[in-house]
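Both complexes shown next keep chain A, but they swap its partner, so chain B is in the first and chain C is in the second.
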Partner chain A sequence: MSHWEVMVGNKAVAYAAKLARVQYIPAFPITPQTTIVQYLADMIANGDLDAEYVTVEGELTAQASALGASMAGVRAFTATSGPGLLYMHHPMHAVSGARLPIVMAVIHRSVKGMQPDHMDMMAQRDTSWLMMECENSQELLDTGVMAFKIAEDERVRLPAIFSGDGYILSYTAEPVEIPGQEEVDAFLPPYRSQVPMLPELAKECREYAIAQWGVGEDPQLRWRRQQEAMDAAKTVISEVNEEFEERFGRGYGNGLVEEYGCEGAEAVIVAMGTIASTARTAIDNLHGRGKKVGLVKLKTFKPFPAEEFRRIGGEVGAIGVIDRNISCGSGGIVFGEVRSSLYEMNGRPRTLEFYAGLCGKEVRVSDIERIAEKTMRAASGERVTPLVEWV
Partner chain B sequence: MIEVRFHGRGGQGAVTGVRVLATALYFEGKFTQAIPMYGTERRGAPVVSFLRVGDRRINERDLVHEPDMVVVLDPLLGRTVPVTEGLKEGGLVLINHPRSGREAGLGGNFKVSTVDATDIALETLGRPITNTAILGAFAKVTGMVSLGSLEKAVLKQWPGRIGEMNVRAVRRAYKEATEPVNVSDREGVKVRPPGLFERDVSSWRVFRPEIDEEKCVGCRRCWIFCPELAISMEGEKARINYKHCKGCGICAEECPVGAISFTQEKILEGRE
Partner chain C sequence: MSKPIPLAKLGDEEFIDPANQACQGCAGSIVARIVSKVLRDRWVRQEVACCGPALSNIWAPSVYAEIFEGAGAMMTGKSRAYKAMGRDDVIVAGIIGDGGTVDIGFQGLSAAAERNENFLWIVYDNEAYMNTGGQRSSATTAHASTTTTPIGALSRGKREPRKNVPLMVAMHGVPYVATASVAFPEDLIGKLEYAKDVKGFRFIHISSPCPTGWRFDPRYTIKVARGMVQSGLWPLYEVIDGETIRLTYKPRELRPVREVLKMQGRFRHITDDEVDEIQRRVTAFWERLIAKDGGPLF
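Right, the complex of A and B next:
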């Protein structure tokens, strides 16, 4: 049986790990993630969760030690933020390379300060981890549970990050529905490792190494396998999201993108995480004024839902992308991905770029209304400048 | 949707208080959002948190800039922090103050209700943690939440003895909160944010230490232990610089001859 509780985002994340019956939690504290592992430590101490909790000496070890556990067939979970995630970068490649479905919560913290932006996660863009962004505490809990099922699917077998903005979600309390343990158990089967590890499995181990990593044959194969798994993950994410919706009554678009007020829209704005949440209010306000503009919430950043954007691109005149990140020298990372998805289209829409919320800069409803109105003007054929704007 | 801003000091429980209130309002069937503002807080430093209450899931994730109501957990905070900034015209201020709404040092196009939360907290909890007392007054002046839901939320946060002490604080404040009064004809005390190097923390004190020069033996223990360097030695006698004293009480605790007394600060309307 599910029940409701008013709780902060970090507690919702801890509940996701508990409901998934994680067995191994190597953790190192860093604000604003710390209370996640504190709640989990409480749950273990109170006998509510049967898991091994290890206080490691740093994030690199947290990830490396989760790698060992996951390979041995134990469901591993860890959480981190900002600089802690940067420190984890090296073993993250090893985890995805070994095709281990570790799930990690990232509570965003700027890499240049304390307040949130998405630069910590975007710095891990090429580590072949699945990345799913959340806009509220309920979504953090639900996505956490789904992440295990997606990552552990045999077609995927890649590690997954589910993330939310630090402070804005981590410490903000709001009502959250906590599904019953038996319902989650029915949804999420126990984890089994696919990596042959024991000495007597030497032959299987060699076969696995050749098939998965191309050992002794094609050194490029491991990347190709990861890319194939990423492609397969799109289908798996949609399936898992659909099944979750059937069982628990909550779904998030098709699991990859969530469209809000997009029916008959002449233009759309694209946003991730809490900015997408605030944008819902902005879209409501604009609809109230008769403006035909919608919101596309980018729920899954990796694998990037290029097909969805191509479809949306065919329906609207302009897409305004809000980036809470920047790849200096190039530009917004989501903007780049959206644009490259649209390139092969005939009659592709115009694209506008907005930087907002970096280093935790507040993004207000009025900011997003302005962004949406500018995108509307571009859609109507008006010449708008500048095409790139710092909000 | 109703938006409320809470002003308090580190240690008064502004963040926890808002969370408890969000839970109580949830028991009333409301969707809520309790947003703390984290920075480099420490005991006594000004803190802010926000509450949103609505009938459906609240999507706004920005801060509250134009609150319908402001709650102030400290009587002197308004001297250094512009507590009524952005408050909607005709809005409501609930402030922890021993005097009436018209004598709480606030003026403008809004109403003011008061409750002596410090006194209530000291009597029910033995500590100047004013959050639960202010919540009792909140229930009374807004009518948004019933006493029953509030008590249930308090006991959920602190099960057992601590919770029961806090329930007493809630009930007393519910009884003692004053009716909101119009202060549009009043002029508020001028807000003076402290300068960067000024280090004036005198308004942070709930208790005031006094040195009895007759009893002081000049041992310098208070001078050594004062964390704020607020004690200097004049000859063989210790002297307190009240501008730098936060009233932590360490000096009184350390004094071997009991020369330092510790009494509650009197809050007068015009105290600067």
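Right, the complex of A and C next:
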């Protein structure tokens, strides 16, 4: 049976791990993620969760020991933020390379300060991890549970991040519906390793190692297989999201993007995470004023839902992308992905770029209304400048 | 406390294929064979960047992950996973090089020792980053010529004496720490046999001369290894629970280090003063060990 509780985002993340019956948790503190591993410590201390809990000496060991545990044959979970995530970067490549479905919560913290932006995760974008962004505590819990099912699917077998903005979610309480354990058990079967590393499976482990390393094969196959798994993940994410919605009554768009007020829209804005919540209010206000503008919440950043943007791009005159990140020297990372998705289209829409919320800078409803209005003007054919703007 | 066990006692059964990619005369290969014979079909192996991946003839399961510094972390994850799976019978053991132990892996080593994680860390110490072509590590003996501490008009090889990692690990208070040598297989096997069934963190540091990097004829690996021990350059001892230290090889008198250094091309340049400096250090350390033998570590 499900029940409601008022809780902060970090507690919702801890509940996701508990409901997924994780077996191995390496814990290392970093603000604003720390209370996740504290809640889990309490759950284990009180006998509510049966897992190996290791207070490691740093994030690198958190990630590398999760790799060891996952390889040995158990479901592993960890959590981190900002610089801690940067410190995990190199084992993250090893985890995806070994095709281990570790799930990690990332509570965003800028790498240039304590407040949130998405650069911690964006700096990992090429590590072949799935990345799913959340805008509230309920979504953190739900996505956390779904992440295990997606990552462990035989068609995917890639590690997954589910993430939310630090402070805004991590320490802010709101009502969350916690699904019953038996319902989650019916949704998420126990962990099954491809090849548990056991002495009696030495031969199978050797074959697995040879396959992972592509011995005797085209050396590029190791990347190609990860890319194919990423492509397959799009279908799996949508399926899992749909099943979750059927069982628990909550879904998140098609699992890849969530469209809000997009029916008949002439323009859309794109946002990730908590900015999407603020954007919903802005869109409501604009609809009240008769403006035909919608919101596309980018729920899954990796694999990037290019097909969805091509479909949406065919229906609107302009797309304004809000990036809580920047790849200096190039630009907004989501913007680059969106524009690249649209390139091969005939009659593609115009694209506008907005940097907002970096280093935790506040993004107000009025900021987003202005962003949406500017995008609408571009959709109507008006020449708008600048096309790239710091909000 | 360990007891010497002759190789013949381990029987004829092998748990390793006859060939691997290691160099001729590789002491690491000897370590791999002996470890395999002791741990048989009961273990999973951890490997990190070092010559270890060349020891691909070991049957025990291992999937190499490119995390040089991750031996302590990955073995932590594995041993905890087996506990969660109810498979405490699986021995987690790593055959890890000196770089992955004393340098880049040191944080993970110390942390795993402090947590008393349940695994066996075996170091095959060839005193440099041999897999990348013989660069100095903090396990390199002073004055050795390595590819990053070359001999030149302004350079006399490695300046610093080696870092004493086994004693540092012992000071973590872990159940078992030992030094060993490929030239003393009975002693090594005894220590492995003892360590394999101890619960908690176990650390066996094995002197493993490298003909390629130390520059001696591959046929002399054991001779050089024996000289290292007989001269006190690599004393053999064990420390139980971080409390009691016991020497497991006590020659009546030490061979001069000069004889052993001169067997190795990496010391070809060494001066009498430099030999004397090493000798003084070795003798002083040996005297302190003898004084501690059989008693408290500190």
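Assume the second predicted complex is superposed on the first by the 376 of 391 C-alpha atoms of A that agree within 3 Å, B and C clash if a C-alpha of one lies under 4 Å from a C-alpha of the other, contacts with A are read in each partner's own complex, and residues count from 1 in each chain.
Note that in this section a residue touches a chain if its C-beta (ideal position, glycine included) is under 8 Å from a C-beta of that chain, and two chains touch if they have at least 3 such contacts.
All values derive from a computational prediction rather than experimental measurement.
In the superposition on chain A, A:G58 contacts chain C only, with no contact to chain B.
With both structures placed on the common chain, the touch criterion links A:S327 to neither chain B nor chain C.
Within the superposed three-chain model, A:A76 lies in touch with chain C and out of touch with chain B [touch as defined at top]. Of the two partner chains, chain B is the only one touched by A:E362; chain C is not. Counting residues of chain A touched by each partner, chain B versus chain C, the larger count belongs to C.
In the superposition on chain A, no chain A position is in contact with chain B in one complex as well as with chain C in the other.
Every residue of chain A that touches chain C in the complex is listed here, in rising order: 23-24, 26, 51-52, 54-58, 60-74, 76, 90-91, 93-94, 97-98, 196-202, 205-206, 208-209, 212-213.
Of all the residues in chain A, the ones that touch chain B in their complex are 4, 6, 8, 32, 135-136, 165, 167-168, 171-175, 274-275, 277-278, 280-281, 362-365.
For chain B in complex with chain A, the touching residues are 18-19, 22-23, 26, 31-36, 38, 57-63, 65. Interface of chain C with chain A (complex): residues 41-44, 46, 59-67, 69-70, 72-78, 80-85, 87, 90, 107-108, 110-111, 114-115.
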